[in-house]
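Worksheet: one structure, shown below.
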Amino acid sequence: MTAYEADEMMTVEAARRLRDTTACFVGIGLPSTGANLARRTHNPDLVLVYEAGAIGAKPPSLPLSIGDGMLGETADTIASVPEIFNYWVQPGRIEIGFLGAAQLDRYANINTTVVGDYANPKVRLPGAGGAPEIAASCGEVVIIVRQSPRAFVEQVDFITSVGHGDGAGARERLGLRGKGPTKVITDLGILEPDPETRELTLTHLHPGVTAEQAREATGWDLKLADDLQTTEPPTEEELKALRELLAA
Amino acid sequence: MTAYEADEMMTVEAARRLRDTTACFVGIGLPSTGANLARRTHNPDLVLVYEAGAIGAKPPSLPLSIGDGMLGETADTIASVPEIFNYWVQPGRIEIGFLGAAQLDRYANINTTVVGDYANPKVRLPGAGGAPEIAASCGEVVIIVRQSPRAFVEQVDFITSVGHGDGAGARERLGLRGKGPTKVITDLGILEPDPETRELTLTHLHPGVTAEQAREATGWDLKLADDLQTTEPPTEEELKALRELLAA
Amino acid sequence: MRTHAEITPLADAVADLVRDGDTVALEGFTHLIPVAAGQELIRQRKRDLTLVRMTPDIVYDQLIGAGCARKLIFSWGGNPGVGSLHRFRAAVQAGELEIEEHSHAGMANRYVASASGLPFAVMRGYNGTSLPEHTSTIKSITCPFTGEQLTAVPALDLDVGIIHAQRADRDGNVQLWGQTGVQKETVLGAKRSIVTVEEIVDELDDKPYSVVLPRWVVTRVCEVPGGAKPSYAQGYYDRDNVAYKAWDEISRDKAQFDAWLEAL
Amino acid sequence: MRTHAEITPLADAVADLVRDGDTVALEGFTHLIPVAAGQELIRQRKRDLTLVRMTPDIVYDQLIGAGCARKLIFSWGGNPGVGSLHRFRAAVQAGELEIEEHSHAGMANRYVASASGLPFAVMRGYNGTSLPEHTSTIKSITCPFTGEQLTAVPALDLDVGIIHAQRADRDGNVQLWGQTGVQKETVLGAKRSIVTVEEIVDELDDKPYSVVLPRWVVTRVCEVPGGAKPSYAQGYYDRDNVAYKAWDEISRDKAQFDAWLEAL
């Protein structure tokens, strides 16, 4: 079996989650890699939607930015940015939103705005972009993020995009119509919201990773699922497709 | 001098009113004839906007309907119908709205909806179409309509499109941002709102028409301007252009 | 999840997707009016429909005359460039058809709200007109920033959106071009959609002022050449102005209309 | 009335149309970013600007670093695919730049409201996020039909809208194509507009996903080949990813940035 990196496991697992998906809203970076890999492996019909306007983009290599020319040139259609958000994201037309995060809390709320105080920030991050409405309105959200105590925090400094708010019933109270984050895929394993409490729970470990490692990489007292499972390692085909994609 | 019909005088006079206009929103029928004549005579740069989406249409002949293929094919650009109303009409971007009317009252309020009671109509007319917002938001409105006691009534049965409401200050109270009707051009002459009361006043008679004829064709006690003038008869060139347009 | 529009005969699409009592919009502003689909609704004797259309023209005159409609939501009902719609006019004057009447701007914004997944849209409009006295779906709304009074209109609650387009590919990606009115909003704003097309092609190519509706937001595509006649399909055929004028004659007289209906 | 856009050098357009203290939007979403126009604002030492842009990228880093901006209205401030905007980040962390922060959907709707002549737009958004605590231009609004709580955002009050396009004709009709973001709204929503173009041509022809801004809604057109570099202009040149990465180095260090500014 070919050796692989933790990031490769993460990306392959993300791609697998798009097996039965019609349309996916893609953020730049890890989400874009995962979604493009899915289109080359498990789901050639997968519709990739990017916030700069491309619907059904089929990029020949990984775009560096969200509005690269190759996205528009290979798209089934192009929408204006207002149309993307108003006609495509807002009505819940897109099944899965694929997001990254700078900080994430136990209810999968995402911070990409600021570390520290908003008025006197320790680190100013880029901000919201398209994420808040993707997180609110896509059918469900899959988050791809490397797991570390700096990223997985007890409480995010700023809620840029709502995951499960303060827990059970929060999304309903806030009038958010999508299901919210259903999976957080990391370089160590997979977290899913507990069906009752909505707290993120470790359900899968990637091969070779221990539960202790995952708990140490988490800034809160991470709960483990009763039937904690091991992720299937990447197949030869998956790895080959991923490496070709990254090299293109 | 060539003989001419009353309708020709009316249309020629309407075209003259577009001499210094950048963009004109065109209704079908008499308004379309007048606007297309203006583009062939006094104002070749005149931008014709039609509600089906054509902006800058240059039709080679008179379109039968508001969305004829020749309008789109000759346009500078085409907008969707929501865009036409939201981005072009509503912000007051269009200087002149050219409208017709089934009924008109002394404050230039227009009825194109119903004769008689709304719930039990004597005659059901087509309805509002684009007119209410054209009348509300275009910089000003020019109405072209044949004058008769049936059309020029004391009170319209239904206000489809607001002219000057119940008189001075009405448009301001209603929050309507365009100036409203500034001219009503008929087959007999021209009516303009009194600067104080906003009541339509006869300011011009077409050559050969008497004030008495105009008053008889009006369902209210029509006021005459102190300096009642006679319209310039159509020139040879104007008539030639109009007849070519109608024959095309 | 649905990934591709299904390509079927029109009769199947109408039978499968349109139910008695549905709210159905057939759109196309002068251009690309889905006439064949409307006539299929008549043939299948659909009843109690709430019909929605900015400019009900002859196909709506036919649907109303044939007794398919319980209610009409519209903004301009006439035979463009010709005159009245006599079946529509007769039904309204006889009080046999419930109407909900707006302006074009109001209808366009209602379609936009539907396509946007919003319950309403905001616009400037209707102030000082008689429409709000007779139409309950026009309300006032205050700007929370400036205090200005504006107008709100609700989203249309469309069960089925029906349009005609020039082309589709074999996956059901639909393309229309030229003056495309509110057709995108009609499909995106409805629960189910039927698109009749002039032809199904192997591959779509670029066209000026093109609207593409991707395969996954369209329910059915039906190949119906000439499906917009007597309106026009840019690149395929022109508007049949003679037919529009001839309709005036037919619809004016109930007996002639009944004979037309019999022969349909 | 203005019937044609005026065609002038960029320096004249900026000198004539942009005043200190103005609210100015330079738009272009990755594609067609009006970089040359932004740098002309720097050269002319414009001050106290309220700068508006969904995705302030390196040209806004330059404007902020050069001291042109009093305030920034934005939704995502980063160097796409590279990392941070260091001049922007330094200014915010030092409290030297007032910010008004939205999401992309909020900003897009603010542009739509401006282009529509409305004081606000309605959307679903911001519920449960921390943004409303810090941004006063986010308010709640109730649907008058359903009672549902939605979000309102105000129109942008733009003095000048600046975009880059591929082409214009000699009358000033402007054409851009490909991914065109919020550029139409930027021009239609501003009191005055400047459009830099790759080239001025005798006649525009059809292009896929083309936006045409007619001559009478554009104030100035300026021929500036390469005016979007290091971003890209579809059909003319690709994105210069190396330059985006190199900017990280320059902007990270105040002394290097000052040298860059001196040389501009």
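Chains: A, B, C and D, in written order; residue numbering restarts at 1 for each.
Quick note on the criterion: a residue touches a chain if its C-beta (ideal position, glycine included) is under 8 Å from a C-beta of that chain, and two chains touch if they have at least 3 such contacts.
Small disclaimer: the values here were computed from a predicted structure and weren't measured.
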Path length in steps (a step moves to a chain that is touched) from chain A to chain B: 2
Contact-richer chain pair (by C-beta pairs counted) among A-C and A-D: A-D
Interchain centroid distance [CA atoms averaged], chain A/chain C, Å: 39
Centre-of-Cα separation between chain C and chain B, whole angstrom: 28
Between chain C and chain D, centroid-to-centroid distance (C-alpha), Å: 38
Contacts with 2+ other chains: residues of chain A: 77, 86, 90, 137
Chain D: positions in contact with at least two other chains: 117-118, 123-124, 148, 184-185, 209
Chain-level touch network, classified as line, ring, star, complete or other: other
Pairwise chain contacts under the document criterion: A-C, A-D, B-C, B-D, C-D
Parts of chain C lying in touch with chain A, wherever the complex brings them together: 1-4, 115-118, 173, 184-185, 188, 211-217
Chain C-facing residues of chain A, complex: 20-23, 45, 47, 55-56, 76-77, 86-87, 90-93, 95, 137
Chain B partner contacts - residues on chain C that touch it in the complex: 29-31, 54-55, 74-78, 80-81, 84, 88-89, 92-93, 95, 101-105, 108-109, 111-112, 123-131, 133-134, 148-149, 178-182, 184-185, 209, 232, 234, 238-239, 241, 244
Sites on chain A touched by chain D in the complex: 28, 51-54, 64-69, 71-73, 77-78, 80-82, 84-86, 89-90, 113, 118-133, 136-137, 158-162, 165, 170-171, 174-177
Chain C partner contacts - residues on chain D that touch it in the complex: 117-124, 137, 139-141, 143-146, 148, 150, 152, 154, 206, 208-210
